[in-house]
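Accompanying notes for the structure given below.
Order of writing sets the labels: A, B, C, D, E and F. Residues in every chain begin at 1.
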Amino acid sequence: MALVKLIEYAEASPEVRSVYDDIMKTRGVDWINNFWKALAHDPRELRRVWANVKQVMAPGALDPLVKEMIYVAVSATNGCEYCTYSHTAAARKKGMTEPMFMELMAVVGLANETNRLANGLRPEVDPQFR
Amino acid sequence: MALVKLIEYAEASPEVRSVYDDIMKTRGVDWINNFWKALAHDPRELRRVWANVKQVMAPGALDPLVKEMIYVAVSATNGCEYCTYSHTAAARKKGMTEPMFMELMAVVGLANETNRLANGLRPEVDPQFR
Amino acid sequence: MALVKLIEYAEASPEVRSVYDDIMKTRGVDWINNFWKALAHDPRELRRVWANVKQVMAPGALDPLVKEMIYVAVSATNGCEYCTYSHTAAARKKGMTEPMFMELMAVVGLANETNRLANGLRPEVDPQFR
Amino acid sequence: MALVKLIEYAEASPEVRSVYDDIMKTRGVDWINNFWKALAHDPRELRRVWANVKQVMAPGALDPLVKEMIYVAVSATNGCEYCTYSHTAAARKKGMTEPMFMELMAVVGLANETNRLANGLRPEVDPQFR
Amino acid sequence: MALVKLIEYAEASPEVRSVYDDIMKTRGVDWINNFWKALAHDPRELRRVWANVKQVMAPGALDPLVKEMIYVAVSATNGCEYCTYSHTAAARKKGMTEPMFMELMAVVGLANETNRLANGLRPEVDPQFR
Amino acid sequence: MALVKLIEYAEASPEVRSVYDDIMKTRGVDWINNFWKALAHDPRELRRVWANVKQVMAPGALDPLVKEMIYVAVSATNGCEYCTYSHTAAARKKGMTEPMFMELMAVVGLANETNRLANGLRPEVDPQFR
C-alpha cells in the first residue's frame, strides 16, 4: 500500500491531467502507472520529475534501450522493487530479449562483487586511470 | 594505500604470473592494474575473479561497450572510487565518447532519484509490470 | 514473516516487559510494534536499541519532527520497507503534513541523484568546502 | 582528479555562463564549485540539474536549513564524499551549529543501524503503519 | 513473482539438470530453491554462479558457519529480502543459534551506524591504520 | 580533513577524558583514534557510541574475531573507507591472518554479487525459507 493516496485520472486536477496526458502520449500507452499517481500529490513535483525523465530518456548519444537497461542495472543494485519491475517491463518493450536480460544481470552482479573487493582491499587508483 | 601488499609481476609465483599473462594478452595491454595485484595474495581468488570477468565481459547478447557502461553505472551508484576510475577508462578505450559518458551519468543520476521516490512513496507494483 | 518469533507482551519476561512499558509510556501508545517484538529475543539488545532511540530522538538541538523526517530520508535511501512505513507514520503523528512529506521526498530524490553524479564525475572537493 | 575536464568560467560557452551566472546570483557567491564545472560538459544536463536543485531547494513547506540537513543525511548514508563536504558547508552557511550537526549525525547513524536490524530480522510491517 | 519464468527440474535441459543435481548433492537436499531456477534461463550463468558459490563457500581459512553469517550480514546491509531469508536458513542449518543470530544482527546494526558516523564526520584515516 | 575539529586528549573536558581513558584501557592501547576525537564534539554522543561498541563487541555468543570480521564485511559493502581501515586493523590484531582476510573478501564480494542477482531476477522467497 502506498504511503500517499494514489490520484486517479478521474479525480485529478487539470494540471495533473495535463502531465498524465503527456506521459500517455509520449509512451504510447493508455494508462498511468502508480509511481506517477503517487507523485501527483504535489503537481509541481509530478511535473518536475516527468520533465526530467522525458529529457534524460529521450534519444541522445546513447541508444534508448541501452539507457533503459542502465536504469534496470541501477535499480537492481539499489534493491528498488518497484523500479526493477517497471523498468524491466519498459526495457522488454524496447526490445530487451531474455538472453540480454540475463547478461545484463550477470554484469550487474559481477560489478557489485568487484566493487566490494576494491572497497575492501583498497588498492590505490593506478595513475594510468586518472 | 592498499590493505594488502601488491604483488608485482617480478615477485609473483608461476601460478599468479599465468593469470597476469592472460589478463595482459586478453586486454592487449602490457601492465597489470593494482586490483589484480591485491587479489594475487590468494592465487585461487585471483584466478576465480579473472575467470568471471573474462566470461561475463566477453562478447554475448550485449555489446561490449554497453556492458562496460553498465559496469560504470553500478560503480558510480555504489560510490566505488577505484571501480569508477578503472571502468570509465575501459569504457573510453572501447569507444565511449564524452557526450556518451555525460548521458550515462544523467541516466544513473535520474535512476537513483526515482529509485528513492519509489522507495519512499511506496506505490504498489502495478499488475501490468508483473 | 519475521525471521524470529515475535514476543508478545503476554509471554514476555519481566525484563522485556519493563522495556515494552517504557516504550508505550514514552510514546503515549498502548501497543508495541513488531520491530521491538523481534528484538525482544535478546533482552539486552532490546534494552540497548531502545535506550539509543530514546536518547537520540529526545528533544535536543534539533526539532523532534525534523529528526523524524531525517529518519525517513535515510530509510527511503536505504530502501528499508519497515522503517519507511513506521517512521513516516511517526513523522505524521508529530505534525508532518502531506506537502511536507512530498517535499521531503523531493529532497531525498534529488540528493540521491546528485550523489551519483558526484560519485561518477568525481570532481575534487573544492578547498573552500574543507 | 575529476573524470572530465572542469569547465572554467573564462572558457565557458554563453549557454554555460548563463547557468553559472544564475548559480552565483541565486546563492550570493562569486565562485562556481567543481560539481557544476564537471556537469558543464553537457550544457543541457548542467541546465537540467541546476533547475532541479533550484526548484527543490527553494522555500516551500520545509525550512531551507532542514532541507539542507536532509541532503547531508542522504549524502552521509550514501558515503558520497564530495556531497558531504559541500552540503555540510551549505548547511553551516544557513545556520547549522556544531551541536545541530552532531545531533544530525546521531540520527543518521541510528537510522542506519535500525534499518539493518529491520532488514535482517524482517518483522512484518504492522497494519497500524499502513 | 519472478521477472523470469522459473525453470523446474522436469522441464530443464540436461545441462541445467547437471547443475541442479550438483547443487542438491553438495548441499544434501532434495529440492532446488528459486534463485537457481531463475538463473537457469542462462545455463552458462547458472553454471558460473554455482561454481563461484561452491568454491567460495567451501571449507577454507574461515569456518563455514562464519562465512554463512558474513553472507547474512551483507544481505541485511543491502536489504536483499530473498538473500536474507535463504542465507539465514542456511546459517541455522549449519549451527547458528538464536542468540548467535541476535548478536550477529547487533554487530550488523552497529557497523552500519558507525559507518555513517565516519562517512558524515569524515575523520582522516589514522596513519596507524594504514 | 574531518568536518569537525578533532578533540585531542590534552584539550578534552573531564567528561570526554573519562571516555578516552576507558577506550584506551578496554583496548589496551595508549592512543585514541580519530573517529572518537570527532565524536567528542558531543560528549553525550561519544559516550553513547562507545557504550554501544563496548557492549556489542564484548564476548558473547559469537567469537570476538568473528564479530570484527563481520564489521569489516559491512564496512567494505558500504564503501566506508575509514571503517575498512580501522576494523581491518582491529581484526588483524585479534588474529585475522592474510588468508582469512582474502577469504573474507571473497565471501563479501560473492554475497554482493548474488544479492543483486536476486534483486534483479526477483525470485519469490521459497516457502521453505520462511
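Everything below uses one rule, namely that contacts are C-beta pairs under 8 Å (C-beta built on N, C-alpha and C of every residue); 3 or more make two chains touch, one makes a residue touch a chain.
None of the values given here were measured: they were computed from a predicted structure.
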Co-neighbours of chain E and chain A - touch as defined: B, C, D, F
Where chain B and chain E overlap in contact partners, by chain label: A, C, D, F
Inter-copy rotation, chain D to chain F, in degrees (Cα atoms; steps of 5): 120
Longest centre-to-centre distance from chain B, chain (CA-based): C
Per Cα centroids, the chain farthest from chain A: F
Distance from the mean Cα position of chain F to that of chain B, given in whole angstrom: 27
Euclidean distance of C-alpha centroids - chain B vs chain C, Å: 34
Between chain C and chain F, centroid-to-centroid distance (C-alpha), Å: 21
Two or more partner chains touched - positions in chain A: 1, 3-4, 39, 48-49, 52, 56, 75, 77-81, 84-85, 88, 99, 102-106, 108-110, 112-117, 119-122, 130
Chain B partner contacts - residues on chain C that touch it in the complex: 72, 75-77, 79, 81, 84-85, 88, 104-105, 108-110, 112-117, 119-122
Of all residues in chain D, those that touch chain C in their complex: 1-4, 6, 31, 33-35, 37-39, 49, 52-53, 56-57, 60-62, 66-67, 69-71, 73-75, 77-78, 80-83, 85-89, 97, 99-100, 102-104, 106-108, 110-126, 128-130
Touching residues (chain side chain C, partner chain F) in the complex: 1, 44, 48, 52, 55-56, 130
Chain A-facing residues of chain E, complex: 3-4, 39, 41-42, 45, 48-49, 78-80
Chain E residues within the chain C interface of the complex: 79, 84-85, 88, 98-99, 101-103, 105-106, 109
